[in-house]
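Labels A, B, C and D are assigned to the chains in the order they are written; within every chain, residues are numbered from 1.
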């Protein structure tokens, strides 16, 4: 369960990236976050995993009170989350296999189990043959799929994906959506920021539209668009 | 004028990213490059500005013979090109203004002219208010628009854009397309790798489809898709 | 920490050291060069120190024996001198021998005074256990029977003590400076390599790694860097020192001066170099990372 | 290069130095610590060298004058000695004075030989311009009229020359090692900072910058790093040296030993430190960048 109460986020003097956000996302939901470039989608998402901290307001993620949690607890918050970063954030000096394994090593899984799981998710995103490559040897879309594979590897309670199909062709995007929906059916909450109107309209789910830091729309099965005006 | 003759590109042992590419793009054309993830679009594009070198074959860009050119000439090849990189490649320690100015400083423009030009392109991508920020303080889509602004800043003869709308909402993508088409009308060749089927179908131009390193389609005003099978 | 996790960290540190390529090479060679300097200078300083105290040990008490003393009485005096707890060695030197020395320094005319005309005294040269005890022993010797006088070098010995003292003091200061510099430069190099990897550390935190989990491989990598950086300095100092030691042994044989014997001395230096390398390498990593592990 | 472009590079280098924050601080402090070590040790080494040659200069020729020489003849002899090109200074020392010394070293009984019984000779102590010329001057002096004998310290002087020579040789070796270490460590530090920015350099190349255009700001930034890193060492060595110099002057006044005078000596050291900083900083950047400017 994720809950935002009166959340504000101000970056510097003038930039208010989150403006009084009140939202509740229950376990098992699938939520799109849409909105124009620079509206505050990534900020909204980053606050969930404590990369950015709210200037004021209360955020609850699973059982963590983000405003009052100790720095030491942060890693444990993140272990229950699977995150696809907008800029991928793969470790440049680890191979693809090792990058995904890393997310499992931090929770001290056994090597055999790690190997099995990594192979499984690599297969899922259809990149098993790249497991020994380094990130810079992959195409943009391949890197993005690795980021997705890493995020689902530890079977997170919540999957947070920031623009996970930005570098993927429509067909591959459909494959990724199939993975996300399957994960969601198994009980994982999925939160996905996206600009992909085709996807949003083809796979309808709850839709949050953010504009100028505000929640402009919150609609179950809403079509792509914001301020009630579809594109 | 850009010409590829029997171009092959092999990365390692097994990965053939360009497989016998023969293509000619005349000055002033607008060309989409589409294809599934990992098909070899970026590789095709990277060879044009000599970031990657062909394993065999001949590449001509403007008046440069890329296979025989001296390392010293490479900067001069690139000065006639404006490039939007798939991963943006902004300089992290320069402000937005300085990032764009850099591309003009290398050709020793005068400071006053640089200022004017940078302000103009920042206005074009609607980010004039971010000029003093550093790249990491921008949203993904904002960074992408800065990368586009930098590419058009020096009025290049050829504009090469690798997935320039991947992080942009449909409306902003339309704005960017307007810029590219305007630049194209002024005589600049535009080569744009993209997964955005809406854009491709809405603004029809010559379309190259790459699959498994081969040119699978080359069609004037073709619809998005590859292997003759539309999505 | 589970044994498995520690093994993982160890493997990770080796991997990272290899994959960082030139960065690792640069860090290791910085450690190497720093430790070579430390090794060479410390070897020299400690030997200068040793030689200085050898010089000091040359200072002795000269006891002038009354002219009309019999052989027996001389023996008694010698025993008496040897009985002092501060005394290490007593050597007899006849007035005849001494005349030779005077002749050497002041001209042949002194040869006239050979035989019974010799104006000099037989002496006992008394070596003390500690150089500084000479004054005290000389005072005691003066009061003994059969003793005409006893000298211990007086002001010139005191001056020597001062010079040796200040050489040793400066040696300590330089050694301390040197160790500080080594510690600083090694940890600073490690700091720079870690600064250049702050993005990586940020990503590790974002995918749920605890500070300890992130820190261990870096710490071990720092230790490896230090360990690898210490190998050449140790080899160089060991072989170089033994070579020089053997080379100088012949020319020092005739004197009372000796370099520090390689055995224990080199063991100490080696231990010092390797510990600076490993400890500062690891600690440097640890400290440098704190900044990036705040939240 | 246009003046405008150079100004741009200069501005860019300052900006980059500031924006690199901790990395710049780390690089500058590495230069600082290295140069402090160089400054302190070189000051000490050069003074040890100076003191060693002062000691050497104490070696002189002692010319023993025949007993029955008149005052006039002595003057003639003195003039003759002074006429040698190798000779710097000739000092007369009467046999009376010398007896005092003998009495000091070998016991009171020598007092018996006061007055006409004095077995010693009047001497001229001849200082040569170069210590090593003593042997040669002594040989020439032996052949002169009114001269009974001439000595120059013989084997002990030769031993001294050897010791001083080896102190100076080792001083040179250590200084060279030190300079090598400084050059290596500074350029290595710069190399690491540049390695950590290879991505940036890659981007610059991709947007059409020539190698020269990329290189200049880095080169200037390296020079700034060196310059800033040299400030504290220079201040420290200057003030520290003057302080120690003044402190030791009193106790050295009574001897013939002098430390190097601060004026020119410090100017030289300062120049050395600042040039190492700037030149190696700039050159280190230049060389380290070559790798990234290949294609």
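By definition in this document, a residue touches a chain if its C-beta (ideal position, glycine included) is under 8 Å from a C-beta of that chain, and two chains touch if they have at least 3 such contacts.
Since the model is a prediction, treat every value here as computed from it, not as a measurement.
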Subunit C and subunit A - chains in contact with each: none
Contact distance in steps, from subunit A to subunit D: 2
Taking each chain's C-alpha mean as its centre, the one farthest from subunit D: A
Centre-of-Cα separation between subunit C and subunit B, whole angstrom: 66
Centroid spacing, where centroids are CA-atom means, of subunit C and subunit D in whole angstrom: 24
Distance from the mean Cα position of subunit B to that of subunit A, given in whole angstrom: 28
Rounded Å distance, subunit B centre to subunit D centre (Cα mean): 62
Multi-partner residues of subunit D (each touching 2 or more other chains): none
Multi-partner residues of subunit B (at least 2 other chains): none
Overall pattern in which the protein chains touch one another (line/ring/star/complete/other): ring
Contact pairs between chains, per stated definition: A-B, A-C, B-D, C-D
Subunit D-touching residues of subunit B, taken from the complex the two chains share: 49-51, 71-72, 74-76, 78-79, 81, 83, 85, 89-93, 102-103, 105-108, 110-111, 150
Residues of subunit D touching subunit B in the complex: 2, 4-5, 8, 16, 19-20, 200, 203-211, 213, 294-295
Residues of subunit A defined as touching subunit B within the complex: 11-12, 34-38, 41-42, 86-87, 137-142, 144-145, 162-163, 166-173, 195, 197-198, 224, 231
Residues of subunit D touching subunit C in the complex: 22-23, 26-27, 29-30, 33-34, 36-37, 40-41, 44, 64, 98, 102, 106-110, 112-113, 119-121, 148-149, 170, 174, 177-178, 181, 184-185, 188-189, 191-193, 195-196, 291
